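Take a look at these structures.
You will see two complexes here that share chain A, one where it goes with chain B and one where it goes with chain C.
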Partner chain A sequence: MTTQAVQVVGLSKRFGAMTALEQIDFEIADGEFVSLLGASGCGKSTLLRIISGFERPSAGRVVIYGEDLTDRLPERRPTNLVFQRGALFPHMSVRENVGYGLRLRGWQRTRINARVDEMLALVRLEELGDRDPTQLSGGQAQRVALARALAAEPRVLLLDEPLSALDLKLRQQMQLELRAIQKRLGATFVFVTHDQTEALVMSDRIAIMNAGRIEQYGTPRDIYRRPGSIFVSDFVGATNLFRGHVTQVSEAGTTLQTDIGSVALDRTEPGLQTGQRIALSVRPEAIRIARGAGSPGGRQVAATIAEIVYQGSSIRLRAVVADGPSIWVECRDDEAEGIAPGDAVNLTWADSAATLLRES
Partner chain B sequence: MVRGSRLWSWLFVALVLFYLYAPILVIVVFSFTTSPRLSLPIEGLTLDWYGRAFADPLIPMALKNSAILATISAVGGGIAGAAFAFGLVMLRNGRLRASLLSISMLPAIVPLLVIGIALAVFFSTIALPQGLIGAAIGHVLVSLPFVILTMNARLESFDFSILEAARDLGATRFQAFRDITLPLIRPSVVGAALLAAALSLDEFVVTWFNIGSQQTVPTLVWGLMRRGIDPSINAIATLLLALLVCLVVASNLLNRRKS
Partner chain C sequence: MPLLPAGLFYALFFGVPMLSLLVISLWRAQGFNLIPDFTFANYQKIIVSDLYRGVLLRTVSVGLIAAAIVVPVAFTLAYIMRFVFERRGQLILQLVMLSLFSGYLVRIYAWRTILGKQGLLNSALQWLGLIEEPLEFLIYSQVSVVITLVGLLLPLAVLPLYSAMLNVPRDHLEAARDLGASPFHLLRTVLIPMVMPGVRTAFAFAFLLAAGDYVTPTLVGGTQSVMIGNIIADQFRGTGTNWPLGAAMAFIVVGVTLLLYLAITQLIRWVTKW
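Take a look at the complex of A and B:
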């Protein structure tokens, strides 16, 4: 059995009448990179602050490497936090910032210097040790904050949206760098973000949070391919949701009546009943587009192109079903060669690309 | 036309400045002239009046009392005001924070006469004899709102997440205060304390009602002036002015310095 780095058991947090976290249970394995992903106000930062010790839970426990630390002060926890805007000490140089935690531990000056050098090399800032934090760019400041947090060798590193203030290019570069550093150190990282791409790119597992609960916890591929709820399928990546109900369930498959008409699926799912309200989620890039009206029925949907959005490497097309909703399709530019608004097209997708979700 | 109106604006500015500073200038100039009367033309320059001022045994004593009160105001007002402002900005409830700030500003608006009399009556009720102690309490009271106001302005931009960062790296509350908070707010606290000292040095009304038979520089000068204008008063006023300007300038410089 793998060691659990972090175990959160029955955790709830209330601020007055407001419930920020509701019965959270989850585990993070040793050496794992886990993202807490959700919109602002979903409770992800509160959860991180409880793990770091800055907030006390209203109920539940936080166990880190087998030790119950729920009542432990932040300064006595084996966790370190990288703050959203770095939170570097403005009156200390970069080196002093990185070495501060080690100084508190009473390390010898030479030992601190060696460790600071090592950390600055890790984040590739060897040259900037003597600068003041005010002389750093946003990306450099976040690297220093990372070096400072890692210097004390935390058993779990917590990161609270550390890249959110950076521009896109730098953010993408830092995502890969962070991931590489985590791999090299074999450390456990818990990363809070509202950016789904960031979570997909970096994580071993993602916990999708919504309204104080964890909606789904799984690998990026799992989350993207097999979203467990309508919320998850909509929040992670773009998707088409066709709402309706189940008309027939048999060994051979399932038939649905949705807002794009009747749809057949070659599979059934446990507990599915006739009449049940469902939504079918199909990713835009899973939909194939063919010109012409095609044969009616089957697993094709006839639609009319309403809008074409050029995105450079790909294009997005909005197709409208008669009396029905819009369907977004994403494909390579050459796959949609010659298609223009007003054209009648046929949309198809593999059954396996369609996810059946129950309406709650 | 534009040129003309600009000339008028400058003239107006000059007039206002003259109105503001002419009386002060007169005192400073005549503290150095040989004539015992404020009259032109100036016959000669001398430092006699300064010597005369210090020859009067009452004046060094008043200076000593003023220095004691200014020090108490600086230390007491500085520490209490800084602590209060610090607690204030840490409050999460914005409305509570705003009302506490307004309440603490009240003594700056209440007429000094009211504060002076109220303190005198209060001290006599608790049987505290008039003297330096009562005056010191009054001075701290009068300077506190200004200390709180300057500290509050400075702390509004204080990034409290760095204190959490320090705790997170293993600092206790005390270590975080010693290593992070104190070095960052020290210039502002000292600046605010200097302001409190400056306010104390020229405080008259509250002092007058509470100091009893003792004298500070302002009460002494007031007493001397009842006997007639003596140029040595100009000398004392000029010294006081120089000291106050130094304190206020130092206070501003310290508060403006980025941390």
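Take a look at the complex of A and C:
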């Protein structure tokens, strides 16, 4: 059995009449990189602040490595927090910042120096130890903040959107770096972000949060390929959602009536009933495009190309179904060679690429 | 170049008056006449006089005591306004500012009615049965001078501290706690160093204005509360004026308070050095 680094049990948080978190239950294993992903106001930062000790839950417990720390002050928790804007102390040098927590613990100066060197090497800032925080770029400042938080070897490192203020290139580079550091240390990281790509790139598991609840908790692949709800499929990655209801359920498969017409699936799902309101989610990159009329009997949707968006490595096409919604298709440039707006096309996808979601 | 107008203003309205006062402090007074001279006799007279030295010492200690009360209290108030009340802190600031509108003299007289023999405080204490006779030391004493100065200067000291704290993000305080700082360490290693300019300004306001005041000792002080400001003022008006002596005293006060200010701010920095 793996050790649980963090266990959140029955956690709720209310601010006055507003409910920020509602009955959260989840666990983070030792050495795991977990992202809390959601839009602003979904409760992800509140959850992180409760784990770090800066907010007290209205109900529920926080257990870290088997120890109930719900009532423990932040300064006495084995967690450290990396802030969104670094929060480096402006009156201390980079070295003093990194060594701050160690001095508070009464470490010997030589031991602190060695540890600070080690941390600066970890974040590749050996040269900048004597600088003031004001002389650092945004990416450097966040690396120092990371080094400072890791210096005292927290059992769980908490990160509150630490990359959100950086530009895209640097952010992508830092994502990989952060992940590599986490792997090397074998440490447990809890990372809050509103950026789904960031969460997919870095995490072992992602907790998708919405309106104070965890909608789905799983590996990036699970979340992307098998979203558990309409919210998740829409929030993580781009998708096409075809809404409608079930017309027929049998051993052989399921037939749906949706806003793009009748769609057949070669499988059924437990508990699915005729008449049930559903949505079918198909990722743009799972859709194949063919010109003209397709082979009869195949599962295909006739549409007209309305728009083509060139994106460099790929292109996005918007196809319109007669009297129906737009369908987004993403493919390589050469796969759509010669296709122009106004062309009649057939869209096809594998049954396995379509996810059946129930309307709540 | 943009500094030129400011420099001119400074030279004209600060440099010139100070310089002329410095020149006068080297002159002699004969009756009501000023005799140009170049003598340090005025300075010497002040330094060797037990009376003047005693008053100067009292002035400096009243200033230091007032500042020692005002700065920590103002720091606490500013902290509460900034970090406890947050947005409503601005409202409290307006109220603090409003108290300044009531005017300096009015506020001193207000303290007189609070501290007087039949004043609010004595009446309240008597009504509560805590004392039988009015407390005499509450008015016309060193105590009443300090209390009144503290009351006068508190709002002024809150301003620089509050504005310095507005520049301290809550994140920094939380980061310190998160890394293991107790409230005491948080104060000493993060908050005070980050608001040091505000602390210095608040101390300067409290100490220099308290030490330079001469209205408060006149109105609420006793016979033993005369401060150097009273004696300097006497040299420039009424009977027995002696401008050169007054000017020399003023410069001695400037020198002593400046040295003390530098020493104390250095001391604060040294104490909070970590």
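Here is the rule we go by: the second predicted complex is superposed on the first by the 356 of 360 C-alpha atoms of A that agree within 3 Å, B and C clash if a C-alpha of one lies under 4 Å from a C-alpha of the other, contacts with A are read in each partner's own complex, and residues count from 1 in each chain.
We adopt the following convention: a contact is a pair of C-beta atoms (placed from the backbone, for glycine too) under 8 Å apart; a residue touches a chain by one contact, two chains touch by 3 or more.
Values in this document were obtained by computation on a predicted structure and should not be read as measured data.
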Notebook entry, point to check: When the two structures are laid over each other on chain A, do chain B and chain C clash or fit?
Noted result: clash
Next item on the list: Considering only the touch criterion stated at the top, classify A:Phe54 as touching first (chain B), second (chain C), both, or neither.
Entry: both
Next item on the list: Check the residue A:Arg221 against both partner chains and state whether it touches chain B (first), chain C (second), both, or neither.
Entry: neither
Check: So, A:Phe83: does it touch chain B (first), chain C (second), both, or neither?
Finding: both
Check: Looking at the overlay, does A:Glu75 come into contact with chain B only (first), chain C only (second), both, or neither?
Finding: both
Notebook entry, point to check: Is A:Leu104 touching the first partner chain B, the second partner chain C, both, or neither of them?
Noted result: both
Checklist line | chain B versus chain C as contact partner of A:Arg148, first or second or both or neither | finding: both
Check: So which positions on chain A get touched by both chain B and chain C?
Finding: 52, 54, 73-76, 79-81, 83-85, 87, 89-91, 100-101, 104-105, 148-149, 152
Check: In the complex formed with chain C, which residues of chain A make contact?
Finding: 52, 54, 73-76, 79-81, 83-85, 87, 89-91, 100-101, 103-105, 148-149, 152
Checklist line | chain A - residues contacting chain B, complex | finding: 52, 54, 73-76, 79-81, 83-85, 87-91, 100-101, 104-105, 145, 148-149, 152
Item checked: Parts of chain C lying in touch with chain A, wherever the complex brings them together -> 169, 171-172, 174-182, 185, 189-190, 193-194, 196, 274
Checklist line | Touching residues (chain side chain B, partner chain A) in the complex | finding: 159, 161-162, 164-172, 175, 179-180, 183-184, 259
